[in-house]
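I am attaching a structure below and will ask some questions about it afterwards.
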């Protein structure tokens, strides 16, 4: 029996289970959080895709960053991300996380989330409507199923890069022990 | 020779006092050796129930006879006393290194052991009274030699209760002596049986008062909490484990050997139980409930366990009062088991106090990673206390439940259920706040206790599990006691007990437990290995926590529950009891003038009356 | 030897069956709640996927007590399971007295409480303090009910209580003592931590309470523990009030009915504050239970 | 219960104002010299203006001054007063109002953080909202936000086309 084959197929099964069951931690930083209740409740009902809310980072697979991030919030976001357990995914929400959005010239709002955390995908819009959110999350499911959502591995591999960027805007960063 | 059980500790007491002045460890070592000797020689006389001894003394024309004898009941209590004092003495060899009064402690401790032996072997009232008073006073000195000063009011309360009870005892005994010309138990029992029932009942109630006080039954439990809160940490296990139980010894003697139950047999009954017995059982039920509610409120670990002792005493008195074979066996089992697990708890807490120097639960936390064995001892003991199988605590509670359901005593059962479920709450509080949670920065360097303090805890853990699997060992001596007292015995084997509705079989339980845990372990072991992180790396809504002190949930752990009983607790804390006692004492002078010319039996009556009044106003503290 | 292998096989079979059934029930409950809220809801097999995913994830531990707590929680419920008659399936259920089962369930609760508080997260402690308080609320009426049942049928074994209701369905305690069955139903909802009585796991106040620090396999094990606990509690109810069953299929069906009713009942209510929940239990269920018990013993 | 006119009379008599103005109903603006301000605050507090809503700050870069505005309110008169005073931009030091209203400590801390004004007597002027801020206080007019942002953050690269302004 080929050991790698077994490992590979087992990983595929886990990926499949992961794509069918995603618990998201919505980090409600900006206005985007208000788009989530309709997405979760009866109008759009994201639970039919196996996506549901999680109460704490320990139980979550998906970190939704729902809006602009001030540097102060970014520090907490990084801490929260590090408390999550692999496999874990980050999705940026709205134009603020992509390029700063309407806060493009604010002195304390970061402009590109993917420089600080390994973002799997962005959902564009200001704010994205529930349809867009669902569309984005379905794409994320596909990515997970195909094993393409490997943000947590990228984070491990490029730890230096991410830490450098984080420390450039935050100074000293407290990390999990 | 039964006198040696009294005089060896007494003689050793003074030796310990003198030697301990030279070497701090000598006193406890002597206590340990004496207890070991007592334990060994008691083991040797097991079964020789015909042993007895008597002295004659001529005093002022009266021929006084001091009688001593060995019964299964007194043998059991003597063994328990010497065993627990052995463990405590071994524990305190190390733990008393910095204790200022260790000489006095060992002197008094050995005297207490000796006087308890005297109480247990006494077969006449005079001997009983002498040793009882000796025990009360020496234990009082022991309690007040704690590091904290015993509050004036608490001491006052204890003395009032003990002295009043002792007087009532003495009056009743002298009355009986006038009638029979003897202090011995048998003639007294015969006299009481043939006397008019109300008078006999009154006399026996007067005689039993000191035992009620010692057992800490509601409403006479007011001294227990303060005594525990102030006693030296090494004495608390003995106080709660043994000293309270001596009260039950006295009660059993009064109920069975002085034929109290025979006298009230034909009075008005409720569901086949004489009303007076039912009243006693109800007192036990109230004791359970008040002790439990107040235990949940405590912030001081010793006081919490003290209140828990009060509530567990309720179970024992219920079992003794309903006096069915199951009830009696259950309460004797519970008496033994309570001694075992409560001593374990107190020893574990004593170890914590030894290392941290505080009894407040919110001042410590997270000690499990520093004192794992102490934690294991505490955990095993609380599993037993909460009555969770497969430990000894469950068996005794199970037997008591069976006894209560068998007769359909709904309200007694309700109190028993309440105490049992609520005991989860109060035993979990120290577990969670002292041993689990965040470790305080000032306790980072704490180490596990020394070997000599570990050994007693280890032995007790073993005993809890042993009796949990083989209750037959305990049932063996209990059935002899029941036989001796004329109660039917319960069917049992080494690992099973026959209840009223089905049997308890600890072997099956143990097997099944093993199977369940193996499956769970397999699930755990086959899954991915987990990564160890620190206690401060917890979900804190994204904020980085550095201050362990404020990140520990300990103070007012059950606030929502306490809110339900705030009114009740506030009422009890008003000092109502003290003011009324003081007023009674003031008017005592005028009382004396009016009633002093009365007959002896009137005195007994007054004592009882005083006690009824005290009981009525003695709303829980 | 054969006997031992047979026994071990039986142990494993019952465990796997109860776990699978419990997870299925959880999936059904999610579907029902979704339909009540006019949602489509996750697929019925969603809990299986959740468990599979959780065991595939990484996990953190806060020390040996955290591990021990999870093992004790799962081991405790598995041990309890063997004492419950599941239809005709019974391993040690002859020995399983009701009181024993109630106290055995406490082993699991204690394990879970110990492990989660051992994580050092104060939110876990708050959740546990609430859970224990609520337990005092619902256990009291339940024990009074057991008192009356044992006194009425003069046996404390679950098997015996089940046999006592044999014959016509009119002998079921549900019809013989409907008030008692109603009280037990409310208690059942409290036991399972369903809606009016779920203050201890309040996700948005205290971060899901006891399980706040559990991720990965720890959460997976607690999910398994939860599923088996559901089966135990439902089986207890079916055995005590619906006359049990003589085969596992009709037994499962009866459990399903009770579960669906409890889920629907639970999805209608907001949440009790913790002391109000206790007050409620001591007022109505306990009061009715005491009246019923008095009726039976007199 | 005074009306606006009576209030201004009271202020004119007791407080040496540089300018007074009734902005609109229930809203009065008073300008004072810095040295009179603390005294004026305690005077108004003793005349029912017990509520300090907030302290705000305006940076007049060309005039080289910080304007501090103390917003007071009276629950008897139902009138808002804005007490304004201008202090020199360099070195930008003023007295604390902490003794009169303890809450002023927080407002002053905030102003210190965002404008760099020192308040003598207030010993709690640590960072409150920003974290690890090493540059000019960000609300000062001479703080060039655009330049800072260009410096601190990178613009996203859209297929080689940098985002420019």
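Letters A, B, C and D mark the chains as written, and numbering starts fresh at 1 in each.
Note that in this section a residue touches a chain if its C-beta (ideal position, glycine included) is under 8 Å from a C-beta of that chain, and two chains touch if they have at least 3 such contacts.
Bear in mind the structure is a predicted one, so any value in this text is a computation, not a measurement.
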Notebook entry, point to check: In this assembly, which chains make contact with chain A and also with chain D?
Noted result: none
Notebook entry, point to check: By number of C-beta pairs in contact, which two chains lead?
Noted result: B-C
Check: Centre-to-centre on C-alpha atoms, which chain is most distant from chain B?
Finding: D
Checklist line | CA centroid of chain A to CA centroid of chain B, Å | finding: 59
Notebook entry, point to check: Whole-Å distance, chain B centre to chain D centre, using C-alpha means?
Noted result: 69
Check: Using CA atom averages as chain centres, what separation in Å is found between chain A and chain C?
Finding: 35
Check: If you look at chain A, which of its residues touch at least two other chains?
Finding: 56-58, 75
Check: When you check chain D against every other chain, which residues touch at least two of them?
Finding: none
Next item on the list: Hunt down the residues of chain B that sit against at least two other chains at once, touch-wise.
Entry: 533-534, 536-537, 539
Margin query: Please list each pair of chains that are touching.
Written below: A-B, A-C, A-D, B-C
Margin query: Under the definition above, what is the set of chain A residues touching chain B in their complex?
Written below: 27, 56-58, 75-77, 79-80, 83, 174, 176-177
Note to self: Quick check on the complex: what are the chain B residues that touch chain C?
What the structure shows: 271, 366, 368-369, 379, 383, 386-389, 394, 398, 401-402, 405, 408, 410, 413-414, 417-418, 421-422, 424-425, 428, 431-432, 436-438, 499, 501-505, 508-509, 512-513, 515-521, 523-524, 527-528, 530-541, 551-554, 557-558, 560-561, 563-564
Check: Taking the complex as given, what residues does chain A use to touch chain D?
Finding: 71-72, 75, 98-100, 104-108, 110-112, 115, 168-172
Check: Can you list the chain C residues touching chain B in their complex?
Finding: 8, 11-12, 15, 55-63, 65, 67, 70-83, 91-92, 95, 97, 99-100, 103-104, 106-107, 109-110, 113-114, 117-123, 125-126, 128-130, 132-133, 135-136, 139-140, 143-144, 147, 150-151, 154-157, 160, 207, 212-213, 216-218, 220-221, 224, 273-275, 278-279, 290, 293-294, 297
Next item on the list: Sort out for me which residues of chain C touch chain A in the complex.
Entry: 30, 34, 37-43, 46, 49-50, 52-53, 56-60, 203-204, 207-208, 211-216, 219
